[in-house]
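By written order: A, B, C, D and E. Residues from 1 in each chain.
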């Protein structure tokens, strides 16, 4: 009999329907209706996701085949969904967090004109749809479809306020940088097809097939996949689009650029962990890139003054942590961190959203301060978020980050050291943000001041829920040391991500490390408190300026990539095209014309010359006949 | 034989009609009726009813090829008369005499298409040439016409001299004027024979205006009254070509390898000069003169590759070329500005004429669905058959592309440019004839069996 | 007489005719040179006819081989006469219009 | 019977419309005729595999060894369908724009359609050449009669250039013909013709000249941007949507199988040029400020990919190309429609003069964005499957050891494609309106229908490309079999 | 036989010399006269070859009718003066050289043709007699003979067309 999970197609289908309704009817539906539809469909798919999750927990995984997408010769690419532990977990995160953010948006975007409001929700639903496609797909192609789909949605949402060309530029940047990654992903897919003739996980990840691949193949494939991941998950060198992506509405940043889309890369690598395990070189690359990104982003975040920019860079940094985990083979830890990060980063973005909302669109923290009195809920929830990200037990962030640090330590203490340092930076800049924003005295204008108010319930409730999640979210993965069998996540994911033996680190060391990190974090926080509790605006100088300007990376790219390409393009357009491609053809034409003008002078009009020429040619032909070709 | 005698008679009749009748219309009527009769007689002969049983053993043979060509020639002449006979009035007072001469020329054409003896060839060519000298000069007050006729005469006589010398040498080598016997002397041919053959090649090249013996063509075609240019550029040229290929097939076919190279050289030269020079012309009339050279170059391909395709193709080519060119000239005659600009905005005033003219031009340019394409196609096919010379063919094709340039200039002028190309109104009859002509060209282009059916049935 | 003599003689005459055509400007003279060329041909034809006649005569006393050559000459003369009448008529017409028979003045038509 | 109708109806329809003087009437007549053609071609699809109705052969020019034989196989189905769909769409889309002496305009359009149908259907080399030219002539008149101010010179260049190409092809045809045993022009005997390697190279270049110019691939593309810019947009739609495909089609049907050796040997060079062309054209497209030229160059890039994929000579590349011919046709027509609307409204195609249309004309904006995204082959749009397969084919091509580099560099051009497409959207539709674009009105109903059809097709074949793939499977297998260097197993 | 030789050489020399004089003498009238001389010598050759009919015709038609016609025209245009404009030297030179080359080439080509050792029957053989020629002309060659009448007709008509004043 057919598996009950066959109906999972509803999960992506509902948001799609929502997209269609909101998209087509955006002129005619009322805002409230749009909001209800938009959030409702996501809620529905969330409900189904829970049911699916329970099914999977009950041990029922399934590949739901629908139709042949592309089917050429021996290459078969079915349109098929894979429901297993990993995907069901992501389903929960996407739909769950997604739903909360939808609800939040209904309030946050309320000033928009109806049709734009509708457009907004259409985009959000479309995004959910593609993201679900990404995680549910049972082969790389379907994943790629979702992959590009989410890219598109992020493009649309970043450029949501399309009157502002800056935003549109940011949108283009995001899309194009993602495209670069996508190309690598695509080539990886071709490589796999070339070697194995299939793309579906269940066939690629069989031992027999993996045996077919020699080391170079695996390394190249995994590296290419990783490049794809760097595009989507904003790692060096393709990270610069993410901070610019903050041009989009804040909930969008929360949903796409913090909770879900950017974690696609992690999902992909976790999904193909079997491949990666075969490619030690790639693993190192991933680890180092991840760590480097984490550090770089953290340093930049230290000096940012745009509330969302700070969060953006912290996101990049956290993603770096996740890649570090992947690189160290701790896939579960990465996934774990994805989950917890989804909670608290979404929380903080929404929090910042309500701040911005309250400040009437103001984003520069130097004009804020002392908001804690007016925005109680926001403040508290934000605080919880900060604690979580800083990694203070028992908040969720602690467990996931600890797992990562541990894996790093296992791989190489140096990595651990840098990672720890980055973690401290994280704690520092997050609390810097918190204190500058919420403590001290208000630095904004007057009408901003008495206009300050807490958002409506639609905004606060999601905050609260997320806050709760960020507190308790970590308990699904309590490490062995603290509680025997506490690490539910590992055993849950074990069918997809095999556990390789008990950790090499002794319990004592592990406990010691935990203590160390926690202690240092607390110190950092206190340091931040003294530094920023009543902040005065100061001009950045020296190194600080470099950090404020993000190490001038954008400018660098501008110089070494965009400029030369543009120059080449204009050279082709103005010089090569005209003088060579056209030149040749027109040249032939001109030549014919010229020779025509010369040749007609032969027709001199003089009978004598005519006869002479005739006689001469006769003589020549006679000579040719009788004396040359005997 | 029917046609030969009848055309001679008709010539005489026209001569007297010129004296007896003063009314030009009836003279024209007689001429056209006679032409029709001539055509019918010829077709009858094809079907096997010969009225005059004259023994021309060893002098002439009226085989199907000859008769078929005669049909084409007479048909074209008929169309030519229908279209342009009226315009001869403009040339001069001797209206009837013009028809006389035309009939005599047809008589000569009949000879050249069916000769078996060099004597007949010679007579035929002379009978064609001498009236042409006169027709060229018939516009007496026009200095250009005079000049053209004198040039034509001098050069023509000169080439006749060459031809006779050639014939003499051949006679010396073989002791006969009969082509079939000449053809037997192929192993170790004497220098006399070769020299004579080459001289014949030159003189015939002259008559068909193949480079480097083409020099008379542009001047003469340009200077002659346009009505007669039309006639001699089409029917006469075609006839001489038929004679050309007959001669070199029947008399020197066995020596093909000997002269193929020279045929090739002449072909290339003709194609090159004809097409390239035509590009820069400003007067459509002169452009057509050069284009006739270019077309001759293509017909030379049939001589170069002497095989069945070539001969059949040549028939089609003569038909296609004659029809199209006659049509264009018929329109050109009615213009009073022969430059390209004279055609500006023609399509707006005379859409029908413009459309037909376009078809003629397309046919000359060798665009598919017109007879012009198939004829060129045959030439190329023949040249390629049996590992022919590919480069020659490619060259020919490139030149054909060049030819598109100047043919389409007319089309551009007619359709895409605006201007006051003043134009004498055309009678509905004229238009109808043109349409029929265009239809004929298309028909031949789609269904050439229409023609080939007659070669072997 | 060796046939070569005749060949060379007539070719020489022919060539002289051509040279005349090439070097003179007077249309009438040019025309005369062409007539000269024709005569060269005639001579050659007659010589050849006699040559062929001789070859056969050795075997057959009553042969008429070679007649055709001489008849051809006859026809050439016929044609030449006709040509002359027309040609001179044209030249005269030319003279009427431009009062010259100089072919170098024939340069309205060119290029 | 069906193929004959496909040719006859446009032909007769076109000839008829020369005599309908009233503009409105001729429009509706032409629309009607093209709809009939469309329905017939759809009927052809429904009876696919029941080959009795799908081919027709009769005597024609038998003295030359030619015959009038037409067949509607998978590829033919696809391209005829494209051709048949394109016309109603184009007519609807240009319903608003009026032409002087419109009966001639539409008559010529339909004649061109007939010609192209013939090209896609003919199974006889000579017939193929006939239609090849027949499709060109009306285009010549259309472009130089109703085009922009530089139309005459530009069109003339286009005409002569392509004409030279096709003449060379004619020589090639004759050459192969002279090598066939049966001395016929039938496609079967062409496939069987045995040529030495040297001859194969020769024939290859002779044929390739025609196709390369027609497609066009770098560096033979000089005619294209100018022509697209100058031609009336309706004509440009047909040119770039359908006619350009004749070149690719020619490669597949008349080049690979006829001279497999040469195609295999020379494939790399061609591919190299095609790919250089892709990047080259994309880089230029980024520089363009004229919408038409931008689309023109983007089309060059796309065609380059198709050409490269054909020479990868594997089922993936082959079928990818086949379905991409269809999809690209659909997409680019969509782009042209939007260009047409913009040009008609503002009288300019300068991107720099436009902006902010999205506020005033949201429908137009949305439709364009969809088409544009299809143009850059976003998944779930029709172009994705095609490009995916073509890239895959390119990557897995047996012939070449550079396939990886080919794929990568070709891939760069899809990134560039994203750049110029998105910039175009950004500059034209986003941002604030200026004085010129204040007065924009949204798309009219006819245009909405036209674009609607296009978008519908984009999504249908984006979600279920398999439909197209199934259609082309058999023929691609057949052609690859003919094109393979292994001793052939004859199926006909 | 010797007398024949001498006559042949004499006639040949006369023919060539007078022919050269035709093309060199300034005065057109002289040219005509020299041409007549050439014709006479050629007729002499005919007689030598025992082609009496042609000899007679040649004198009557050419030397008689045609040349008189020429002379007549020249007189009519009173061109009988030394002042005929000359071509420029180089063109003359070129012409002469070209003609000379043609002569050389032909001679060189034909000197060793396979009939070089044959001879033309001199002074005997009766095919050149009117009796024989006439018979042939009106039996085998009657058709061309009739056709040549057309030639004359057309020439006549032509002369009318061209000559008639309007």
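The working rule: a residue touches a chain if its C-beta (ideal position, glycine included) is under 8 Å from a C-beta of that chain, and two chains touch if they have at least 3 such contacts.
Being a predicted model, the structure only gives us computed values, none of them experimental.
The greatest number of inter-chain C-beta pairs in contact is found between C-E.
Averaging Cα coordinates per chain places subunit B and subunit C 27 Å apart.
Put simply, the C-alpha centre of subunit A and that of subunit B have 78 angstrom between them. If you average the Cα atoms of subunit A and of subunit C, the two centres end up 99 Å apart.
Centroid to centroid, with C-alpha atoms defining each point, subunit B and subunit E lie 32 Å apart.
Residue positions of subunit E touching 2 or more other chains, listed in rising order: 87, 91, 94-95, 98-99, 102, 106, 109-110, 115, 141, 144, 148, 151, 154-155, 158, 162.
Contacts with at least two other chains are made by residues 119, 123, 126, 130, 133-134, 137, 140-141, 151, 154, 158, 169, 172, 191-192, 194-195, 218-219, 405 of subunit B. Contact of a single residue of subunit D with at least two other chains is seen at no position. Chain pairs recorded as touching, per the definition above, are A-B, A-C, A-D, A-E, B-C, B-D, B-E, C-E. Within the complex formed with subunit E, the subunit A residues making contact are 608-609, 612, 615-616, 618-619, 622-623, 625-627. Partner subunit C is touched in their complex by these residues of subunit B: 119, 122-123, 126, 130, 133-134, 137, 140-141, 143-144, 146-151, 153-154, 157-158, 160-161, 164-165, 167-169, 171-172, 175-177, 192, 218-219, 222-223.
Looking at the complex, you find that subunit C touches subunit E at residues 1-9, 11-13, 15-20, 22-26, 28-29, 31-33, 35-36, 39, 42-43, 46-51, 53-55, 57, 64-68, 70-71, 73-75, 77-86, 88-93, 95, 101-102, 104.
Interface residues of subunit C, counted against subunit A in their complex, comprise 18, 21-22, 25, 30, 103-104, 106-111. Listed in rising order, the residues of subunit E touching subunit A in the complex are 87, 91, 94-95, 98-99, 101-102, 105-106, 108-109.
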